[in-house]
């Protein structure tokens, strides 16, 4: 049957015309479609229950006055007006979130470098992989406190080293400073998520059939050429995936920010997700939090859509003739 | 697209079904008690249950312990699901949000009925849980802020007396400041830093809680001064950014001269700093005696199926032998006056180190501040503090910060 | 690549490793000494290390019970993830009407953070009668979008001729993904196992919300349970974090074997 990875209709047409038995093909197609949807069904059901319906709940809530203690009342666009015109913290936090997102490529580039290096035949590559990956599964409660200490003005290691090296003569209170706090948190979050990027990229590298490189070598391609012609194009879905993960970087960093700064100083390190969470559960303003959830969702989906388009649609699928 | 449509349709159906449903979770004869981050408090809790079973032998008691950061999330989820725990231990001003929206049981009728019990409670502490004339909670254990002095640093700086005014306190702090050392630090969560304002004569809000009163020339001058002291390291920056671990950890490290915190900080930093003992750390009231209470109370959920039974449990836990067990088990004082006298004797004999700190908790009860019963306490905090923080850390001028804060706070006070 | 040119790679990786290890080293050091990390100057070497905090953790909470709970939930999650994600990933490599929309739907679902779904997810789980159950804890994590796309990418790298050949040999369509495709994408399976395990293993807020019974709690909940304000638990906190980390690393190292298989099968010319 036609199982083209490519979305071009060419292979299907090719299969259809020589045989000429359209009705048989149609029933084969029907069975294919049934199989495809059956394969998708369990995952779709889980996402429907735990993502889509809850999101719909947020959408409904964002047009209501509601809290756990009183019945809902229609609110129209009240919360959206509040968000857009009155809550100046929202705009600052939106901007923080965007900065956070923009920083993701730094982590992805670093992870790509590491992934390429640990994908060679060098001794001890397992050790390196494990070390780089290790930051990802460590529970944030403990590392968050360690990062607080690293950045501490008086006793922190980073200031200790900078002062010892004579670069500065007074400690910088990284997490207490409005200009340094967000970059400091971003660095910590890159530290945490780099192992995650690495494992995605490494999986992509591992999936490249070795015979392609062998063939290229026989054709006399240099390592640089085969990297450009084979590795990069075939790694595209993985890189795309890293970018999507980069968009939701702020979700990943939720715990770290909560432990390190709690969003402060001011709202300097608050991201939409931390602000939404505390608005909902600390201030009991679930309705307003829902409006911000919708805004956050729309922004991220738009970005994901653009990323998907830029990657040629289909989540960066590789177009390769069979 | 058909698939999308059917998913959405199914989703909407499931949504409405689940929102309408009520949970058949709770057993008939059971009350659930949620405690706030005291999982180690086991024997005392069992004693409560034993006492309770003497009155209600047919009831089971389910206990759940939560950390403060998770309790609101869990509790409110349970409320939405229609299965709120009957009794909740709540700290600070969190209860106000719930009470003002009708989420908590009004305990006033019970208090009026059980006069004997109500009379045992220290009124200044019990009054902390009154909102619009109704009693919503009773004190489980009580704390308020005080000043811890690092005697070693004071001696090094040649200081041999305790501070008696704000100015004196800051002068001393300045003397103790030096390489890697700062003179003063305060906790900042809830309203714990407010005594610094109050002792300089600044009120947060007018008498009837309808309008901000803090934006005065005196306040601007004070914030400018605090910001300057912070800039010069006299007041540690952690004062304005840290929560619990960071400031107390820094004090435990021995590099901070004075710490404005509430009593539970003492045993915490003692456990982290070997140098801490009765001779090296003094516990005194802040000059002028002002303090912000940060007490814990027990409240009963409006959705409780057995409020009368729950009230009996609350009474046991907050008075008499139950309260004594609470105090001994957590090294705290309670809302019960007589029990506190017994507890002080117990602490003198068994945990003498905490006695000076606890002693301050029972004094200056007319000088409590930072405990206004705002319906939107959390939202006001959230509007006010970031502005003040920006001013303290030199990001904004004191004037701009107080103006912005005033505008935001007033907007919340007027909102629905 | 010749052996003589390995040292720059070691240098680069060594540097990266040092930076990555630094915060972790402090976790380990504190777990062995319990010292106040906010002392000055920073102590680089642990003084008087001892394993007592680890012993403490073991006895302070029903560690073994929580470990069993965590293992059961994680096992459910991992098994479900490998199969469900592989199926969905395979479906997405095929052409069908609505494919672009389905991909966009998946991507959109990634953009919904768990934190905003807590209350409705709780109500739904209650409705299904899954509160306080292993299955209820595992269900939301049983299929993960990142891993679906990892499978999709790996499947697409498989030459179509192989699948065609299998079909001609009479392998039923639904078997192709399990019998032909998955065995060729071991790195993707390994990654799925690792990631699904870690997500489930460290999952905190969800079990917190739906588990009420102390007997059903998982390790991260155990942490929260025994941490308390007034007691000295710093060393124990870090010891706990190390103890929770170890199984994740073991899974990672075990799954790594699959990566090596991929390597030794010839991808050495890069």
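Per-chain residue numbering starts at 1, and chain names A, B and C are given in the order in which the chains are listed.
Throughout what follows, a contact is a pair of C-beta atoms (placed from the backbone, for glycine too) under 8 Å apart; a residue touches a chain by one contact, two chains touch by 3 or more.
Nothing here was measured: the structure is a model prediction, and the numbers come from that model.
Interface comparison, A-C versus B-C: the higher count of C-beta contacts falls to A-C. Taking the mean of C-alpha positions as each chain's centre, the chain lying farthest from the centre of chain C is B.
Distance from the chain B centre to the chain C centre is 37 Å, each centre being the mean of its Cα atoms. Chain A and chain C have centres, each the mean of its CA atoms, that are 15 Å apart. Those residues of chain B in touch with two or more other chains are numbered 3, 14-15, 73, 76, 80, 180, 246, 253, 255.
The set of chain C residues touching two or more other chains comprises 37-40, 102, 105, 119-120, 124. Looking at chain A, one finds that residues 37, 44, 49, 52-53, 57, 145, 154-155, 286 touch two or more other chains. Those residues of chain A whose C-beta lies close enough to touch chain C in the complex are 1-5, 7, 12, 31-33, 35-40, 42-44, 46-47, 49-55, 57-58, 110, 113-114, 116-124, 126-139, 141-143, 145-147, 149-150, 152, 154-157, 160, 191, 194-196, 199-200, 202-211, 213-214, 216-217, 223, 226-227, 231, 234, 237-238, 241, 244-245, 247-248, 251, 254, 273, 276-277, 280, 286, 289-290, 293, 296-297, 300-301, 304-305, 308, 313-318, 320, 322. Within the complex formed with chain C, the chain B residues making contact are 1, 3-4, 14-15, 17-19, 21, 23, 25, 37-40, 62, 64-67, 70, 73-74, 76-77, 80-81, 180, 244, 246, 249-250, 252-253, 255, 264, 267-268, 271-273, 330-331.
Contacts from chain C toward chain A in the complex involve residues 1, 6, 9-10, 12-13, 16-17, 19-24, 26-27, 30, 37-42, 84-85, 87-88, 90-97, 99-100, 102-117, 119-121, 124, 139-140, 142-143, 145-146, 148-150, 152-154, 156-161, 163-164, 167, 173-174, 177, 185, 187-188, 190-191, 194-195, 198, 201-202, 220, 223, 237-238, 241, 244-245, 248-249, 252-253, 256, 259-260, 262-263, 265-270. Interface residues of chain B, counted against chain A in their complex, comprise 3, 7-8, 10-12, 14-15, 69, 72-73, 76, 79-80, 97-98, 101-103, 180, 182, 237-238, 240-241, 243, 245-246, 253, 255, 302, 376, 378-379, 382, 386-387, 389-390, 393, 395, 411, 416. Every residue of chain A that touches chain B in the complex is listed here, in rising order: 37, 44, 48-49, 52-53, 56-57, 65, 67-70, 86, 89, 145, 148, 153-155, 173, 175-178, 258, 261-262, 264-267, 278, 281-286.
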